[in-house]
Structures are given as C-alpha cells and as structure tokens.
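Structures are listed in the sections that come next.
What follows is chain A paired twice: with chain B in the first complex and chain C in the second.
Entry: the complex of A and B
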C-alpha cells in the first residue's frame, strides 16, 4: 500500500510541476531558515566542546550591586571577592571556577601587532570544561597558586605566533607579559563566551593583585553540579548565601543580587527582566522562540494547504473510484496525509542540503570567529520533526476535505 | 441477492426538491443479469448508486445478500463495497498516473490480509481474464477506449465480487467494442455466476439480458 501511495505521490508532484516547485520552495526555504537558526541556537547553547556538561553547569555572568538608599546601582560582571568568598565556598557544587571575562590585548610578533582575546582563569576552569589538547596540557591550581607564568593558547594563536609548528614550552609575549606555552587547544567559537579566548593564563599572574580587594570586578564563575538534580539546589544555596553578603565598602553598595544560571537562562533574564531574583525566564524565551518559529511556518503552511485543497479538484474522480472500491474516509485521509508527508520530506531533504551549504558558507566566511557550524544529529532531528509537523499540519485539513467528498459527486467530477 | 424496498431518493436544496426515485421495489436474484433502462434523468444511475452503496436512499431499505445495509456506517459500507461489489463506469475512471496493473490492484489495496505479491498475481489473473496481460505495464492513455473499459472490468472483478454494477459500460464505445464488452459481462455472468445489473440506453444490449427494469421519472414502469 505504501509503495502505491509513493507512486501516486510522485506522479501527482510531477503532474503540475509549477505548483510542486512553489510548494517545495516554500517548504525548503522555511526549513532552511529554521535549521540554520536551530544550528546557531545549538552552537550557542547546546553541548559543544569544550562545554560538554551543559546539563550540569551553571554560571554567574552578571551581578547587580545596589545602594537603594542613594539610588545607586551597577549591573556588571562580578567582583572577585564575592565569587571567592561566597561562591567558591558553596557546598553543593562539585567544582567551582573563577575566571575573568575576556578582554582584548595586544601581542607582537616580528613587529606586527595582533589583537587577542585574553582570559585569566584558575586551575578548576580546566577541570570543569572539556578541552581537547592538541599539545601539552592545562595549567593547574598549583600553577595558579604559585603565579607561574604559563599560558594555554588556541590553534589560531599557534598559527600566528609559531607558524603552526609546535608551541609547547615556547614563550609568547601577551599584554606586556611573557608566558611559557603549557598547552594548545582547538579554537573555541566566539558564541561560547564562557570558554572562548585566544590565550588563557592563571588569575594570579595579573599585573596587579588589586582585583582581590576591589569592590567591583569583571569576573565570572562556573559551577559544576555532581548530578543534574543538584542544579536547583545550587541555585537555592546561592540565594541563601547572597542574603548575608558583606561588602568591603558598604557605603558604596550594600545589596547584591545575583543568580546561578545557564547561559540561556542568563540571556532570557536579560531579555525579559533586569531583576536578578525574579525567577527563571528561560521558559518564556523558549516559548517566544517557538512562537516565532510557528508563525514563520504559518505562511508556507497555509500556502501548502491552499495548494493541496485546489489539487482536490483534479483528483475528484480518483477519490470517487477509491471510495467505490472500498476505501473508507479514514483510509483516504491516511493516503493523502502520507502523500503530503512525502512532499514535505522531499522539501526537508532539499532543506537539509541547503542548510549544510549555508552553514558551510557561514563557517568559511569568518564572520563569526572560530565558528564551525554543523548539522549534528540534534539539528537533523529538529529539522525532521519540523518537516513532519509541516506535513501533518498542512495535510490533515485537505485530506479531511477530500475524504468527505461524496463518491457520486466525486465520480461526476465535482469537488467541494 | 439484492432487495430494494420502497426506495425514495429526494435531493433537496434551499429552493428546489427533486424526486430522483419514488417507491422503487426491486429484487435481483443471485446470478441474474438485468438491465435498467429509461430516458435521461429518469433515475437509472441513482438506482445503481443506491444498489452500489455509493448513495443512501431518503426512504426505504436496501439489502445485499440478506444483510440490511441502510444503517451501516462509512467503514462498514466501504468494506461491503470492497468485498461484494464491483463497478464499471461509462467513462472508465481509470487513474491516469497508475499503470494498468496498478489500476486493477486498487480494490485489493483495501484488503489488509493480502500482500503485494498476491495482489499482483490476482491483478494479472484478472487482466488475463479480459485478454490484456500484455498491456499490464502500459498506462491508460496508451490504450484504446475498448481496452480501457476491459481494464475497468478487470478492476471490477479482481476482488471476485458477487455483484457487478455497470453504468452504461458501452456508452463511450463504438458498437463493435460495445459488443466485446457485453460478451465479457455475459461470460462472467454465465461462468462465474456473477450477478450483473447494467444501466444502458441500448435496447440491443438490454435484449441480451434476462430482464429489463424500466424507469420513468423516478418510477418503475414495468
């Protein structure tokens, strides 16, 4: 039966090539956009090396410090003292890392200035994240304790400064300081703000240790839960601790608001609210994105429904014959939905290759630094799910209409 | 085999009421070959559609093989049409996108117990019965009118129905082809004991049947 439906579906597609082209174009274009958007979303928020444990990782990316009495407030990255005293000492996380947000620094090679993205981290940073080392290894908590002038660099930096040859053990001068290269890692895409940089060095190698005492700072924290179930417990424990925070200078700020969140939660909160304690907005953002996706699909879906309904007129006789020879209404609904699914899956296959092409072009364009966009199995499954949803949603109504055709009217060539 | 009891069929729109059939009572025995005649618009095709369970009477009862079918639902009617009935239409109604053998297989698609190989075997056997095995993989557009009608007959008989309903099967054919079709139907009636109800305008063909039912303005006149 399925073979028969497939034959008919392909024949119907070839019958009116222009309408088929319009339908396929609409489906493919929509799916390409959605697949590319999904790939970008996955690239930014999904598990991707070195951030593989995203289901157990929470970060503190911004905090809000206030003096409500004076109407003063500052929302920025966290100060070191807060993360070291109150976050590193949390009981629930398996590991906690403190590191600076990335900044740009200058480095020179043969008189040529290069701008590099630079991060200072502790040793736990390398234990939480899953970097694959191309050479050497990370610096450790001991290196950080001893303020050893060591660095991890990425592949692009190795290429610029060591002509792509071995860099481990060699010296690199960055931001006016010399570091011995301890290890080389693959480039991390710029979307991955937690792990992204060109050069990583120990926190303690900072030119000044004023950061230890400064009321404000530019630091982030990364917490790794032992189990996924511990994630809400970490959030809760942090809120409990924050209420007892003592500022170095309470005359400037006396209230701190922060939350442990995934990057997506942080983005969602930034989108919907500046209040760092107002609950989780990730469901809101997800709902908004899904609504936009559905709305984007609506026009081609309605177009496809329209085309399918108009095709009923051509197939009235066939419907009448099938009913006369024993097809029930539900059987016909099944047939026409299958035919429509075949059309949308053909569109899905075209979209798959189209999305691969676009993502390849984006990767090679260098527009997004170190980005390597792929259609992984998640994107493929999202695309397949969307194509199937498309096929079902745009096929059910026309199929229902077709199935309700009176066989006598259908045989006379009258449709709706 | 077929029993119609006081059948009325009325078509109603907002403004007009059309009586297509009025008080029709008809019995067709198993193995009979009857023709239905009458002027255009007298209700012949409507009668055939009601016997064929393609349409429901406004009033009255329909029995096939002793089973009252008037209250049957869509699925039950579909099953009955598939197992008991075969249709032959004036304009053949072959699906142009399917090959001849795929067209003949259509009734068998709705018998879940049959596998593809078995369906193909039965379809080829039906085509052989009408002398068109050599055209099995051609398309309807590649056949003459008479050949297309023979394919339609093969499709109608492939499921071995007890009743064949033919609505002016020779209406679109010349007399020679019409005679060929008629002889196939008569052969099926004689050798397979298939009950045949045939609507026709042609008195020559009606004379070849056992009995003729005449309709006029929706009423039986004989």
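Entry: the complex of A and C
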C-alpha cells in the first residue's frame, strides 16, 4: 500500500512542476534555516573535541555572592578560594580542574600586534579534556606547582608566531611574560568557552599571587564524574557544601549561590533566573527554543497549506473514485499525509545540502573564530526530526480537508 | 464595485481566511525587520558627538574583579601611567575615562524624581577628555583644574538630558535634580550636543559626565586611557607603548586598540544580526510571493467558467484584471489591517521603549507598501492568465 502511495505521490509531484517547485522552495528554505540553527546549537553544546566527555562533565561557571544586610550582590565567575577549598575537595568527582575564564591579551611579533585569548589552568585541565596534541604535550600538575613558565598554544598561534614551523621548546612572549612552548593543539572553536583559548599557561604563573587570597575572582571549575550516574550526586554534594561556606571576609559577602551544571544549564539559569537561585532551567530554555522554531515555521506552514488546499480540486475525481469504492476518510488522510511527508523529505534532502553549503561558507568566512562546522549524525537526526515534524504540521489540515470531499460531488467535479 | 469584490471574497471565506492569515504574518515579519532597519538608519544619521580619528584606547586590566574595589596604590599607578603617556613624542594628548567609546561596558543610572523616570548613561572622565575626543560643547564650560577647590560636584550633560530634566530653562549652575536625593550637591556646569558612546548605530539616550581626578585616592582609577596621536603615527608605535606601560605597572595588562578598529567591531556586532534577519525575511517573502502565485493560478483555473461568462457578457481585459487583482487587494487589506491594529497597540500602550513613534510609523508605512507591492506582483501573472480565457472554450469547459 505504501508503495502505491509512493508511486502516486511521485506522479503528482511530476505532474505540475511549477507547484512542486514552489512547495519545495518553501520547504527547503525553512529546513535549511532550522538545520543551520541546530548545527550552531550542537556546535556550542554538543560533544566536540576537546570536550568529548560532555555527558560526564559539569562546570561551575557563575556564582552569586550576596550580603543581604547591605543589599549587595555580585554575579560573576567564581573566586579562587571557593573553588580551591570547596570544589576541589568534593568526593564524588573523579577529577576537578580550576582555570581562569579567558581574557584577551596582546602579544607582539616583529612589530605586529596579535590579540590572543589567554587562559590560566591547572594540570587536571589537560586530563579532563581530550586535546589532540600536534606536537609536544600538556603541562603537568608539577609545572603548575613549581610555576614553570610553560605554555600550550593552538595551531593559529603557532602559525602567527612561528610561521607554521615547529614550536615546541621555543619561547613565546605573551602579555609581558615569556613562556616556553610545551605543546601545540588544534584550534578550539570560540563557542566552546570552557576549553577555548589561544594560549594556556599554568595558574601559578600569574603576575601576582593575589588571586589566591582575593575575595572575588574570575575562575571556572570543571568536574569529571566517574560514571554518568554520578552527575546528579555531584550536584547534590555541591549544594550540601555551599551552605557551610566560610568567607575570608564575611563583612563584604556572606552568602553564596552556585551550582554544578553543564554549560547549557548555566546559560538557561542565567536567562530565566536573574538572581541565579539554584535549580534546573534547561527545560525552560529548550521549550523557548522549540517555540521559536515553531513560530518560525508558522509562515512556511501556512504557505504550504494554502498551496495544498488550493490544489484539492486537481485530485477531486481521484478522491471521488477512491471514496465510491469504499476508502474511508482516515485512509485518505493517511495517504495525503504520507504524500506531504514524502515532499518534505525530498525538501529535507535539498535542505541538507543547502545547510552543508552555508555551514561551509560560515567556516570559510572566519566570522566565528576557529569554527569548523561539520555535519555529524546528530545534526542529521535533528534535520530528519524537523523535516518530519514540518511535514506533519503542514500536511494534516489539507489532508483532512481533502478527505471530506463528498464522493458524488467530487466525481462531478464540483468545487468546494 | 468594491462591495461586489467584498462579496466575492466573503463567498470563499474558508480558503481566503488562510491566505489572509499568511499575509498577516508576512506583514508582521516585514514590519519587524523594516522597523529595525529604519531604527538603525535613523540612528546612523544623528550626530555622534565625538571624533574617533587618530584616537587609540588603552584598556587597563587591573586584575580586580569589580570596579568598586580599588586601593590608593592603584590610583597612584594610574597617575604614573598617565604621566608616562605624556612623555611620548607621538602622543598629543591623553585622558582617562571609566568607559570607552565603542566599548561594550557602560554605567547606567536610573532615577525617579518629581514623578519622572530619568535614565542615563554615566561616564567618569578627566579634564582632557573633551579635547581628546573633540566633544562639541554648546553651553557653559567643561571640567578644569579649578574644580579641585569646589565643595560641590560638577557634572556635564548632553542636550537630550538637559531638555528632559530642565525643559526650556538654562541648566547651567542649576542643581541636578535626579541626584539630589543622595544629599550630594550636584550642579550642571556645561552641556554638550551629544556623546553617543555605543557608536553610530546605538540608540539615542541621555548622557552625563562626572569629573575624574587622577590625584585623588578616593576617586576610583579610570579603566581606559584615551590617547590622541599626532598624525602619521604608525601601528608599530603600539609595541613600544605597551612595553613602557608594562614597565610602570608590572602586574596589570593592557589592551590597545585604535578607535577606528573598535568602531569596525561595534559595526559588525550590530549589523551582522540584522543582515541575517534581513536575508531570512527576504527568502520568506520570496516564498510567500511564489506561494501566492500558485494559489491564485489554481484559483483562476477553477473559475474559468465564471470568467468566461463575464467575458461573454462583455467584460473587458481590464475588467478581468480589476476583478482578480481587486479581490487580492481586498484580501491583503484585511491581513494588513489586522496586523496594523495589533501593532498600533505597541506605541499606544508604550511597550516599545527604545523605538520612537516616528521610526515606528515609518516602519509601518514601508511594511504596508512592501506587502501591497508583493501581493500585487504575485497577482500579475495569474490575472494575465485570466484575461486569456476564451469565453467560447470556457463555457463548455468541464
């Protein structure tokens, strides 16, 4: 039966080529936009080298420190003392890394200035994240302890400072400090804010060690769970710990709100909970994004429905014959929905290539630093899901309307 | 004639309703994109209030987490940096500022007084700021050394803020009301035309300058130093400059950018989203246009008998054109009217803070024109098809 539907659908598509073209144009365009959007989303939040273990990784990106008595509050990256004393000591995570949120610094090479993103990290950073080293290797916990002036740089920086030649063991001057290059890694896309930088150096090489004592600071933590089941346990353990935090200077701040969360959860919490109270808001953000996608599909859907409805008469005699021979309305609805799904899937294939082309252009334009968009199976699945949803969304009403044609009138070719 | 068109549209209300909805949504999308573009274009035409040529910004990272925490040593170091800048041949003038033009950081203040709500951007700048940035002063005077001795706090405001707070009165030497509640004696000493810190595309807002002193440990140090270079200074100067600054403040970091470069970044930041939105909206409109062509074409083929009858009864080609396009225009008008009724609620209920009524009205009118043009063009081919109907054939068409 499905084979018959397929045959009929193909014949209908080829009969009026102009109509098929305008339907496909709308469908492909809509799906291209949604596929590119989901590729960007996946690029920012899905697993991507070097963050391959995203399902076991949790971070602490923002903390809120308050002094309710004075009405003071500060929401920003965490101070070092908090992460060092209360997060590094958590029992559940396998590994904990503390590193500075990235900032830009300038470095000069032959009188030309380069602006580099700069991160100070500990040794664990390199164990939690799966960097592929092009040459050399990471710096270690030992380097961090001894404040050795060593650095890991990315490929783009090697290109700028060493003309693409070997860099390991050579010296690079960044932000007024000299570092020996320990290793070179491939470029990390700018969207991956957890791991992204141009140059990574040990925390302890900071120009002053005041960060160890400062009441506030700009540090992030990354935790790796032993198993996926441990993720909720880590979240719980942290909540248990933060209620007993002892502040170095309790006259300035005395309450702290923080959560161990994925980057997406952190973004969602920042978006929906202005005062950063703990809680999981990722479902809210996901719902918001899906609503936006459906809103965007509204106009293309109306367009497709209008075209389909206006073409019912073309099929009137076919419907009349089917009905006269006993086909139920439901069978007909099924048939037309399947036809529409086939059309959307054809549009989906076109859109898939269109999206690939646009993502390629985005990669080559350099608009998003170091971004390399590749179509992976997740994006393919998102695209398929979106195409199927769109096909159903736009196919049901015309199909229902078609199935309601009265057989006698339909056979006579009377208009609705 | 028009009554007749309405009747024709009404008779096919079920399928026309969907087309009308499509036009309605297209109108809303067009309105949003066009209004945003008009808003940007309108902002771009307004005076900027400063000059960015030959000015570089040195952003200082003092390695502290908030602006509100500083030590007297930090103020001292900043002053030393400022003095070091003055030694350079290449630098004509230098000034300190809390936030830099085209930068992303700014300080805002919202005050309620006299039942009015006044919102403004605030910047703290040193005495040389006016000359470095070439801010046009229209009334009163700018900060100078003699202000050290004052026992009240001088501020300079832009014309928009002067109008909002003082109306038509001369604001010079008047108490600055919005800040009077803090108990501080704040007085206006000068008015500048404008200072649009966010750059050409940023919205028009109120602006207020406070005076910053580099020799007062109670005054927080500026986060940015702006330098006016002598013409002909090359980019190589930067390395020299940074190493000198680094020698003065070893623990701090400096980021030097010419304002022209910061301007480019700010432009990209504002324009890229609207270009992407515009492209998407453009494709949506092509899709809607093509869809309308398809629907109307189908419509004409279904009504061949009716059209044939009209032709047989003596209707001219023009009459047929009028009928098909007329019906379409009636339909479009319904969609646009519905959209306009909903959209007009926004300025009426004061829901759009940043877009002025004028920009809103221009956006609305342009969107209406675009939608009419789109549906008209989409209707041309089907209505031409309708005029080709031969009465003799049409009447025995089955």
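What we mean here is this: the second predicted complex is superposed on the first by the 386 of 416 C-alpha atoms of A that agree within 3 Å, B and C clash if a C-alpha of one lies under 4 Å from a C-alpha of the other, contacts with A are read in each partner's own complex, and residues count from 1 in each chain.
Everything below uses one rule, namely that a residue touches a chain if its C-beta (ideal position, glycine included) is under 8 Å from a C-beta of that chain, and two chains touch if they have at least 3 such contacts.
In this text, all values refer to a predicted model and were calculated from it rather than measured experimentally.
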> Looking at the overlay, what does A:105 touch: chain B (first), chain C (second), both, or neither?
Replying inline: second
>> With both structures fitted on chain A, tell me whether chain B or chain C touches more of chain A's residues.
In response: C
>> Quick check on the superposed pair: does A:377 touch chain B, chain C, both, or neither? Answer first, second, both or neither.
In response: neither
>> Looking at A:8 after the superposition, I want to know if it touches chain B, chain C, both of them or none. Which is it: first, second, both, neither?
In response: first
>> Contact-wise, after the overlay, does A:76 reach chain B, chain C, both or neither (first, second, both, neither)?
In response: second
> Of the partners chain B and chain C, which touch A:324 in the superposed model: first, second, both, neither?
Replying inline: first
> Touching A:313 in the superposition: chain B (first), chain C (second), both, neither?
Replying inline: second
> Do chain B and chain C land on any of the same chain A residues, and which?
Replying inline: none
> What residues on chain C touch chain A, complex-wise?
Replying inline: 14-15, 18-19, 21-22, 25-26, 29, 61, 63-66, 69, 235-236, 238-239, 242-243, 246, 250-256, 272, 280, 283-284, 286-288, 290-291, 293-295, 297-299, 302, 398
> Can you list the residues on chain B that touch chain A in the complex?
Replying inline: 49, 52, 54-55, 74-75, 78-79, 81-83, 87, 89, 93, 95, 97-98, 102, 105-107, 109-111, 116, 155, 159
> Any idea which chain A residues touch chain C in the complex?
Replying inline: 18-19, 21-22, 25-26, 29, 33, 74, 76, 79, 103-106, 108, 111-113, 115, 175-176, 207-208, 210-211, 214, 216-218, 298-300, 302-307, 309-311, 313-314, 367, 413, 415-416
>> Can you tell me which positions in chain A touch chain B when the two form their complex?
In response: 1, 3-4, 7-8, 11-12, 15, 317-318, 320-331, 406-408, 411
